[in-house]
Structures are given as C-alpha cells and as structure tokens.
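Heads up, there are several structures right after this.
Paired with chain B in one complex and with chain C in the other, chain A is shared by the two complexes that follow.
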Partner chain A sequence: MNKQNPEQDQPISLYQSHAVIVSTIIGVGVISMQRGIAKEVGPDGIWTILIGGLIVLVEIVLITRLMQKFPGKTLAQFSSELLSFGKKRWLGKVLSIPLLVGIGWYWLLTIAIVTRTFSEVAISAVFPQTPMEVFMITMLGSACFAAGQRPELIARFNEFLMPFLFIPGLLILTAWMEAGDWENLLPMFQVTDWKKFLQGMLTSAYSYSGYSVLFVYMAYYQQPKKAMRAHILATGTVIVGYWVTIAASISIFGPFELANLMWPTLDLIKQVEVPGQILSRLESAIIGIWVVAVFTTLVNMFGVLVDISLTTFNLEERFRKWLAWGSLPFGYLVANRPANLEQLFRWNDLAGIYEIVMTLVIILILSILTRLRADKKGDQNASSSA
Partner chain B sequence: MRTGWQRRRSRKKKKMWDQRSKEQLDKRVGDQPVHMEIERNVEFIGKVLGDSSDLITRWFTIQYIPDRRAVLMCVDGLVDKRNLDQFVLAPLMTRGEQLQTKTDLWMMVNESLVAAEEKKKSSQLKETVDSLLSGDAILFVDGYSEGLIIGAKGWEKRGVEDPRAEAVVRGPREGLTETLRVNTGMIRRRLKDPDLRLKDFKVGERTKTNLTMMFIQGIVDDTLVKEIEKRIQEIRIDSVLESGYIEEMIGDATLSPFPVLQNTERPDAVVAHLLEGKVGILVDGTPHVLIAPAVFTQFYSSPEDYYERYMIATFLRLLRLVAFFIALLLPALYIAFISFHPEMIPSKLAIALAAGRSTVPFPSIVEALMMEMSVEILREASIRLPGPIGPTIGIVGALVIGEAAVTAGVVSPLMVIVVGLTTISSYANPNYSAAISIRLLRFPMMIVASILGLYGLVIALLLLLLHMIKLRSFGVPYMAPFAPLRIKDVKDTLIRIPWPFMNKRPSIFRPVDDQREDG
Partner chain C sequence: MHPLQRSLSIILLISLLVTGCWDAREIEERASVIALGVDDHPNGIEVSVQMPIPIKVVSSGGGGGGESGQNAVQLFSGQGKTMSDALEDIENQSNQRLFFGHARVIILSESVVRKGIGEFLDFLRREPEIRRRQWPMVVKGTAKDALKTSPKLTQIPMEYLVDMVEAGVRFGHFADVSLGDLFTDISNPAKEPILNYMEVKPYKIQWVGLALLKGDRLVKVLKRKESENLLRIRDEMVGETWDVPCGGDQGHLVIFPTKMKREIKVKQHKDVPKINIHLTLEGSVSEKICEKVELDHPGIYSKINRLASIFMEKRAQQLIQDIQKTGVDSFSIGNHIRAHHPDLWKRIDWKKVFPKADIRVIYHVNIRRIGLKAK
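This part shows the complex of A and B:
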C-alpha cells in the first residue's frame, strides 16, 4: 500500500487561502513602508497605497486565473508540462528551470530581507545589547521547523494565527483616535509631480510583496475554482489594513516628520496609552505580536521554497525536512549581505520590483503557451471530429 | 483513513513475539483435550497452576446408577462460593437420584441440574484454565471428555462512589468503578439505544485484561472504529493494569506532552462523548475510560458546562482559557518583564518591585525556578500525605514557606503572588491529564523567557502551536475546530450555545448521523 500523508485529506480551504494571502503580505513591510511613500508623495500616500494595492490585485487575479487551469499542480509541475514539446519531457524540465530559479531566488531573497529587517528592528527597539545573529538564527531556525511541513499544515498554521494579526490594527486605530490630527491629511489631492506620484505608486505596490506564494499554495486548494473571491477579499483586507496604517501615520506625524522616521509603525503604536495603565510602554509587546506577522511571512515563503524544490526534483516526502534545513544557511548568508540599513531598504525595493516583473513574465509566458496548447488541441479535436 | 500513527514494530518482529508467546503458553498449558478420567484433568490443572493455595478442588459424588465421581474446581476469592454451593453443588449432590437412568447424565447435568445463567461446555483444558483464572468454576464428571464452565464470578469490589477527580456541583454523582461489567451497565443505563455496540478484546499476554470498545453504530464513523480496532489488536504487551497503558500504546503521538486521548471516570461524560460519534475504551480494573479521538478544546470543558445554563458555562470556559494562559505563561512573563522589559511595567509598580527585589541575591529565573519547584514539591507531597491532613499541610506549607522566604529576602513578594496565581490557575482545568502537561510546559517557557525575553517566549509559543496544529488524534486535527476552522463546530468550544440551538453533532468527528435534534 502506498504511504499516504494524512495531511492530504485536509486540503487548503477557502478561509485558509484567505489567511495565507493576508499573513504572507503583512510582514515586515507594514513596519516601515510609510516612510518611503511619504518621502515621495507626502499626504497623497493615502491614494497611492490604494492604487498600489490595485496593481497587486490585478497580478493576484492573473495568477489565480492561470493556476485555475491546472488544479492540483504547482508552478514546477505545470510549467514543465507546458514547456515540453512532443515527447521530450526533459526539455520541459530544462526550460522551466529559469522560471523556477527566477521566482525561487525572489523567495530566498525575501526570506533573507524579512529576517534581517526583523532583527534590525528588534535590536534598535528592544534588545540593544543582543547580537543580531541571535535573532537571525532563532528566527530562521524556528521557521525551518514549520517550513519542513506540508503546505496544508502551514495553511492551517496561518489560519489559526490570522486573528492575531488584527491586534496591531486595533492599536493603530486607537492611536489614530487618540493622537490623530485630521489637518495633516490635507490638502488631499496635490499631485505636483506626476513622475513622483508614479514612483510613489510603485513604492506602494512593493509593500504588498509576497503574493507570488500562490504559485505553490494554490496547488493544494480544495476548491481552486472558487478561489477568486477569497483571493480578492484577502487582498482587499490587506489594502484596508495598509490604508488605515498609512492614514493614521500621516495624520499623527504629518508627511514631513513621517519621512524621517525609521520605523513609523512602531512609533505609531508607542502613542497608544493602555487603558487602566497595566502596561506603560508597548514596544516590547508590539515586537512580541509583530513576531507573529513576520513569522508567518517567513514560514510561508520558506515553505514555498522548500515545496517547489521538492516538486521540481520529484523528491520523496521525507526530504522536505532536510530541504528546509539545507536551505537555512543560504537564507542566513544572504541575510548577512546588506552592509547597512540603507542598503537593506534598497534591496527591499528591488525585491519588490523583481517580484512584480518576474510574476508578470511567468504569467505571460505560461498563459500564451496555455492558449497555444488549447488552440492546438481544439484544432485536433475539430479535425478528428470532422 | 491513514493517520500519523506509525507502527512501532515491524511485522516480522511482531510475528516473532507471537511465536514466542505461543511457545511459552504451550510450555505452560499445552494443548490438551479434556480427559475422560477426571483425576488426570485435576492433576493437569494443578500442575499448570503449580498447586497454588487458592485453587479449590471439591470432589463429590453424583448419585446416579452407578454413582459417578465429579469434581468442581474454582479459584478462591474470584467466585461467589455461596452461589456455587446453593445452585451447583447442592442440586448435583442431592437430586442426582431423581434422574432417570435412561437419559444421558451429562445432558441432564447441563440442562436441568446446574442452575446458572452463564454456562459453556468446553473440551480444551487450556480454555478451562483460562476461564478458571477469570473467575469461573469448572465441573468435570467422570466418564465425559468435556468440562462445564460455570459463570460464578463474584469478588469483593468497591461500590459506586463519587468521581474523585472530576467533581461537579450540578450533575450526577456516580463515578465508574473498577469492574468492567458494572461500568458497561452504568453506561447502558443512561443510553438505552439499541445501536450501542460493545466489542470485547483481551489485551496483555499475562494479565489477560478485558477491554471493551463502546460506540454507537449509526453515529460513529466506521473507519474510526476499524482504525481503533486495528491498533488495539496490534498491542503486544505482557500486562495492562490501567487504561494509561492503552493510551500510550494506541495514541498518535506518544512523545507529545499533550494527551491525545481523553480519560474520564464519569458515566454521563462517556455517554455524551459516544453521542458525539467518539469511541469509548473501557479497561477492566480501572474506572478511567478512554475517549478517542480527543481534540484540544474538549480538555477545557467539564460535563457541568452542559448542565448549567449556557451563559454561565460560556463564562466558565473563557475563565478556564484565561487560567490556562496564566498557568502556562505567568512566571515566564514575570521573568521576561523583570530581566528584559522593565520599561513595560508602570513606573510606580516598577519602583515597588525594585524595592522588593533589592534584597534578592538571584536573577529572576533562579528565583522563579526555586519557587515553582518548591510549589510543585508541595503539591506532590500533599497528594501523598494521608487523608484529611494533606490539603492542610499543603496550604500551611505554602503560606509559611512563602512568607518566610519573603522575610528572609530570598524571593520578592511579587514572585509569591505569581507562584500562587499560577498554582491556583492550573487547578482550574477540569481535566487532570491536560493540567499536568501545562504544569510541565511552564518550565521550558520560563527558561526561554530568561534567555530571549518576550521575543523568545513568542517564538516558543509559535513552535508549541505548530506542534499542536500538527498533532492528530485518530485522524482528527488536534486544534479542530479552530485549525482547520469549522465555524459551525465553534458553538461548543470556547462558548456553549443553549441546547435548543445545538442541533448538529460536531462535524470534526465525522458522524454518520449528524442531526441531534430537529431544527
């Protein structure tokens, strides 16, 4: 009897897919995205964040539509099928490798950036005396435990943790109510420089990075046909969350001060006064809750990286764990690369562009191929029936 | 349905074990038929049991033409001797002469002389020895190569008492006992459903413990029953003295700190679980019935939740959740706050804290470990202390030691509060085996908090959560119905909705008939 994994009878449900998208996108981006946007477009950030979200929404819709044509198959599996011509299966494998390496490199890069950014924040805000390596290793190491599990289990993990992501949202809303100044949001439309506005739009779009994990998770869906609504809803949730964050930051700090803050969201939540005075300062608590958001992003990316390697090389299930631990040193090495924060932020932006472009390229190539294949098949069917 | 449970032994090894135990049994008992000459049977059984002193052999004569010698054997202490005298020995000894000589003696003995409900003919000595040891009496009559096994079980047993570990204010006061049949009777009495099924097994090579699986056909998922049956049949062990043996032998995650089977000594709780499509496993010799599968939330509900009004039940469940977190995290949070995040403590409290800690020579982790360990020792000691003085000594010990430790400047006053709250909170859990796993997990949490503060604590919690989400109990995810989310099943987890709205059985246990009431 074939050994079947028990996880396979719990495929990813619609709600879980919602959770995966929300908790992948909400990660390190949420803690510092306001600065870049404020620098470029000032108070218009509340509009660019919406437009950036729409750009990402379009990409997510495209991915969803592509993946819906290949239910139960990850990017590695269906791309090699599409790219093989005739009976040459190896050709498909070889041709699909550039695509897989391209997107895989993005995931590895993001793992590194997320880890590094988190460690930087933890050190600057709460643990000034702890060496950064401690955070990077503990974070990557614990993410490894989760990444060595099947995607269905990772989705369940996300599902359970998603409600916790809304706690900072509540705190931000509280801060906005307590310390917000509406005048800072005015004047509302002040597009003086369209080039800058465009750039602000792109910067806003980067902050939603991470949606490319769908290339893998969608293969494990229970109802991929119905996924579109869940995906749009999830993206909508993130857009609303981001909009609240940026609007609150601008109205509390004003666009000029915001452009100079290192970690605006952290400063935002510092404004909150806990009712009843149980806790006096909230940084440590926020780092504690934020670990959850970062951890889920990390785990999802890591899980995708491991799963795509597994399906590319057609390995057995038991190698999953070893792949996770095997890719840990690479993540660590890349995370150590940026020399300083300045460079780290630039990497972050580059990774954002890279994801948008890479995803588009993959979608374009594979969609055209799918269309061609469908036409050919249609012709064949037509000729055979005729 | 495949589950995460792995076979712990290869099939080959299992075969070897079976072979070995069969050989041993043959060496001891052998495979002999019942002999016509009863002396040889008695001699054989005496040899098998090594002429143990509790073996009773009563020779007598059935007055028949011609007189026949017969022998009744039983084990002292396992049989009801008065019954045997009255309904087996007396008729045989006195009414034998009334028999017509035409009819076959053995048939008459079997059908009209021995007045017992449970009777069975047997022609294998091995079988007779087995039933002799489980409390039956055996009758051999000279000239017949068959023995008659007479059910005459009757030993001293404890009466039905309060369930000690699961006390409730409102609800039945009956607890299960050590005798399997009494227990099945108590469950049957509450559930007069013809679909209630009992399936018997014998486990333990030497103890030959009776084990009964109970479930309701038509509600329970058939694959679940088959899976449990399979796992029980694969048990190879010499003894089963308590259901804990079975729990560890058939459970999915033997190495996990969390229990994946629930145990209860309340018949009403067993019935409630059976009605949710679960399987009860009753083991002879213990009042603790195993319930499979079990999910995490059910360890935080008490039978009383269903008897009290729903609002109170919901409140109590939420309270237990708070107690769960206090028991797991409070000392760890104390350590994290003191050594890493003093800025989070409101300034007035921080000053008072610093004053309290000024005499304490140790870092907070040492202080906390010291206090927690001494409370654990006190708790353990107060269970072992005889009778009524146990709790008293516990309270006095805790108070005196706590007070003295503060005065001596060994611990800070806040630490005493923390330890007290933690201990009380861990008692709020209605299920003992789940409560001890939390007591245990507290210590790693404290150590992690002392190394990496709140950050480490959250990471440790996330890893713990990952483990719990991965855990399965007979195919049911342990964190269901939260992960995976089954929104309709949440009605009976953290909250309990009123009975009129509880019209479906929880779907996570895959009941065949999921309708509980109309509506």
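This part shows the complex of A and C:
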C-alpha cells in the first residue's frame, strides 16, 4: 500500500466518476440547506432546488466539455500549456498560477468549512461535552490519510462508500410518508418577490458546491469521452436526493417552522419512528452515516488540493503524502477562523458563490484560449498545406 | 511503513477511538426523565420531573418483583425564573445529571398555559435531547399533582398516560399533537395550536377535552362533546360515538363513526368568504333504545342518516359560533385558505375576518351496518 506503483492503478471508471460527483456534492450542505431556502422562498423551495441544480449542471457540463479536450491532463497541466506563448513555458506556469491559487483557495476553504460545520453539528446534536478540536483534528487527520493516495484510489474509495449515502435517503422518505402534510407544500409557485426568488435560487445552487473537483479527477478517467453522460446522471442523482430532502422537510415541518430549525435534516430523521421501539433515537445512527458523506467530501477536496499542488510543481509521487500532511495545519487554522455559527454560514454562502464564479472564470478564459489556439493551429495547417 | 507514519497512524487510531469519551454516559450514570411538568410559582416557574428508580423497575419478563406506581419512581421539583434555572435546581437534588432522551410526556398546568408557554418552549427547542415526538398536554390544577397520580395499570405511572394518549389518537378521539406539532403550529401564522386537556382523579388521569391556544396562550377549553367536531373539522379524525334522538320518540340511537372525510369549500364573497365544510362519515348503529324505530323497515337507513346529520350539524354550528366569539381559528380553516386560495389569503386579514366569516358545516352520514341484531 505504501509503495505506489502508478502503472498498477486502474484509471477511474465511469461508475467511479459518478460516485466522485455524488459523494463530493453531498456533504455538510444537506444537513442545513433547507433553512436558508425556506427563509427566502418558503414552499417554493421545491422549485428553486431544481433550478439551482440546473445551474450547477450547466457548470458541470462546461467543465466536462473543456476537460474532454485535454484528456489525461489536470487543470494545472493544461492551463499552463494554454497560457504559455511560443517557447516560453515558464510564462504559462506563471500565468496559470492565479487560476490555480484561486480554485485551490476555494478547496482549502471548503475543507475548513466542512470540517467546522461537521464538528458544530456533532457538538450541538449529540456530543455537547466533547471539545471541538478533537472532531476537527480527527476528521482532518483521517481525511489526510486517504488524500495522500493517488486520485484513482480515492475514486475507488468513493465507489465503495457511496451506497451508504442512500440509507438516510430511505429514512427521509419514510419520515415523509409517516408525517408529511401535503397542505404544507401548497401554495405552489407563488412568486411575489422575484428578488427573493433569485436569492433562494442562488442559495439552492450553493448547496450543490464541490463539483469543481472535476478539474482534477477527470484527468484520471479511463474514458473521458464518455464522461458526459455519467456526469449528468450523477448530478441528476444529487438533484433528486436534494429535492426529496427539501420536499420532505417542507411537507413535514412547513415552511415557517423550517426557518426555525438549526439542522432540519437532523430533526427530519428524529421524526422517524421505528416500530417496536428498537431504535428510538435514530439521529446518532444517522450522524454515523453522515460522517461518511462528510468524509468523502473532505477526502475528495483534500485529494484535489494535493494533486493540483503536485502537478503544478511537477513533484515526484512520493511527495504526495507529505503535501497532504503539510496542508492539514492550514485546513485546521482556516477551520478555526469563523468565530461563531453565523459567520460560518456566511462563509459557506460566500464559498458557494465563489465556486460558481471562479469555475466560470476558469472555464471562460481557458475555453477562449482553446478556441484561439485551435484557430491558430487551423491557420498553420491551412498555410502549411497551401 | 515509515516509522513516522506508523506513529501518526497510531495517534490517529487512538483519537478516533476516544472521540466521544467526553460525552460517554453509561446508563447507570443517567437520571432518566420520563415526564416533565411545568407549574406556576411565585418565583417564576416550578418544573417537576418523574424519574424511574432503576432498581425497582423490573422488566415484565423478569418474573414478578419490582414495584409499581409512585413506589417505582421519584418526583423532583425545582424552581427558577427560567426553565434551565429550574432544571439546575433539580440537578442539585438528584444524584446524576438529568437525561431527557426518554421523556415522553410534558404536562403543563392550565394557569401556565393561560400565561403563555413560549418562553420555556424555547428551551425544549434548543435542547438536543428533547425529542419532537412526545406528548404535551394541559392539565387542570397543577402538573405536580398529575405527576403524583399512581395508576395501577402500568409500572411507571406516566407510561399509562402515554399509552392512553396513543390509544386515544389511534381511535380518533384525542388530538394528535406531538411536541413537534405544537412547535409547527405556533410557527405557522395560519394555524392555531390545540392540546389535549386532562383532569387528575384519584389513581387516574382523565381526558376531558381540548385546550384551544392562541399562539402560545390558552384561550378556551372545550368539553368532550364539543371536541369531537373540532377534531373532525381540523384534523379529519373520526371522533366519538354520538346519540341521536329518535324522531318524536323518547330514547336514542347511537351512531358509531368508522370512516371520515372532510372537504372544505371556500366561496369568495367580497371580503368575507363563505365556507362550507362537508363532513362525510361512514358508521354503524351501535345501540338503539327507541321503542318505535325498527331497523328492518325499508328506507330506515336514509331516515337515520338524515336524523343523525341534522342533529350533528346543529351541534357543530353551535361550536363554530362559540369559537368564532373567541376569534381564534382553531379549525385551521386559515391554513386551508393559505394553501388552496393564496390570492384570498393575501387579500384579507384572516384573523380579523374569521369571527365574521360565514361558516357552515354539512354532515353526510352513511350508516353501513347495524351490528349483530337485525331489528
């Protein structure tokens, strides 16, 4: 396990790519997203979550298209290629650094936010006496172990853990059937305030954050040409999962109560009653499963952060582990920054919009450059053939 | 493995295993609260908790032994300005810290609910150990007295109360209001909460009706016979049996409802809407003490249907008038308007319109069967 042999690693399969997207996006957001959405748009959350998902789907399609043109290359590699002019390779390296730092900063920030949010939930819901540092360091530490592996291995790890994510989904459906009230979902589509609706749409879109990890993982795909369908399917899976979560929450609690709940999904699970009183307090079990969801998000984010640093500086494979452990303190420090929950939620929203914008900027710059290069090449070809 | 890595992984493994130690509380280290009671007190509020005595509570499979009633539990009371304050007062009396994970009942005294319960509901909302699925109820007199009752049917007194409420809800007689429902109803501007209303008797507690709340304050108490119509209109529950005078004759027929469907129709008349509530009930005759009515006469079913409907409509209409006087929409008609007629909801201020609204209840009773006796 310690001695990596890159040739032995199987490249990421289509199903694994599906797993990577699903388990990266489903993370801490799923436990609290309903509150913000209900506050802004009330019962219309069942629409904004779909629209927010579509926004993200468009971004994923754009990333996939771009990456398909550079099979086997990560963002660090092909951006520096695109940005170097003539023989000046160093120029490309230098020019690509703002892009890489921009997106890398997002990854680091998300690692911090995910770790912190997880600890906050665990403390406020089940472990009130446990110090927060313990959660954060354990979470980050174990994520580092996994993140020190090659992306192919991380993808396999995702493939193995993804099925666990469906267990809470089943419980949420049960709760919906048991306690749902259709009147709470009505009135449907009553947009009175378009500004708020737009805000609700954005809040919904933030809850899907994390898709930018494709900038790295797609470089290790076995069949990048066929990835589009798998990506759309994966995003679809997440959208359906989120829709069920939010529709069940609104239906059970109503839009007014939902705005009062700190961690609505936790209360949603608490609502489930298992007959026979075998498990009367399901939330501890669910937090256990939810650790998996959070952990895969963390590992994938950490993995890309490490991989992008590695490929940027052209380091040898053996440095991968040290990079992972080296970035742990930074993650920990940033995670400690938000003073309270209010700030943490603001950071979360800011990170969400930052990812959408940063990804778009990267896609735009690189797509235009690709087009220009292609034209130039076409010209050269034309002139050479003439 | 690299030695540094090995040591790191050992540290990590240990830290993974010890996570949660700070919160590890074995079952014998917990003082489990079964029921919470809240009363008025000159100093603020008085909170009483019922806790089972572990050594005296023996599982039924254990074969005899164990004590029941008040001998199996101990009552603790604490006073304070706030809920947390009062509970800390209790913790200063008990041997362990309180654990609310097993609490099933929250008993509120009538006088507390008249003053408003919002303040200490806040504590219940924040505390993660409190489950949303437990039964809040209002009790005539003090909650402490309710916790002191010693029914003999179950080992732990409050288990009896839980069983009673659960059975009542299952048969459609009691209001199905859990703590979570109470929170939800208070949050919803279109809804007003209701709670089950109990009375303490020696060795038992009796359900005597419903408490109607406006926000978090009690405004009216309904008696048993009034409650059934409210439950039918509000929650589509079947309700109790009812006696119908046999037209012109002495005596009564008893209708036992088994199935229930509610339909609310709203007609908009300028500003004051006209609301028709159709209640379609299926049922059977469970008792007949009239001499002249023979249940094997042709056409007798439709006659009974009409009699039963008219009788019940009158009673329901009376209830609606009474409740309209209080100005609190306990029927949740407001929520129906909010959900199904959003335009109307935005145009009118329902809280002001409700007392003036023209609300009709129309019963459609369908007698299906008459039991084992043919006549």
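As a working rule, the second predicted complex is superposed on the first by the 376 of 386 C-alpha atoms of A that agree within 3 Å, B and C clash if a C-alpha of one lies under 4 Å from a C-alpha of the other, contacts with A are read in each partner's own complex, and residues count from 1 in each chain.
Everything that follows uses one rule, which is that a residue touches a chain if its C-beta (ideal position, glycine included) is under 8 Å from a C-beta of that chain, and two chains touch if they have at least 3 such contacts.
If you're wondering where the values come from, they're calculated on a predicted model, not measured in any experiment.
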Go through the superposed model and pick first if A:Q223 touches only chain B, second if only chain C, both, or neither. neither
Which partner chains sit in contact with A:Q343 here, chain B, chain C, both or neither? Use first/second/both/neither. neither
In the superposed arrangement, which partner chain does A:V126 touch: chain B (first), chain C (second), both, or neither? both
Once the structures are superposed on A, label A:S142 by its partner contacts, choosing first (chain B), second (chain C), both or neither. both
Examine A:A285 and indicate which partner it touches, taking first as chain B and second as chain C; both and neither are also allowed. first
Shared chain A contacts, counted only where both chain B and chain C touch the same residue: 126-127, 130, 134-135, 138, 142, 145, 280-281
Chain A partner contacts - residues on chain B that touch it in the complex: 1-4, 340-341, 343-347, 452-459, 462-463, 465-466, 469-470, 472, 475, 477, 479, 482-485
What part of chain C is in contact with chain A in the complex they form? 1-2, 5, 8-9, 12, 15-16, 18-23, 101-102, 125, 128, 131-133, 180, 183-184, 187-189, 335-336, 338-340, 342, 346
Chain A - residues contacting chain B, complex: 3-6, 9-10, 13, 15-16, 122, 126-127, 130, 134-135, 138-139, 142, 145-146, 149, 153, 156-157, 159-161, 277-285, 287-289, 291-292, 295
Enumerate the contact residues on chain A facing chain C in the complex. 2, 124-131, 134-135, 137-138, 141-142, 145, 183-184, 186-187, 190, 192, 253-254, 256-257, 259-260, 267, 270-271, 273, 280-281, 321, 325
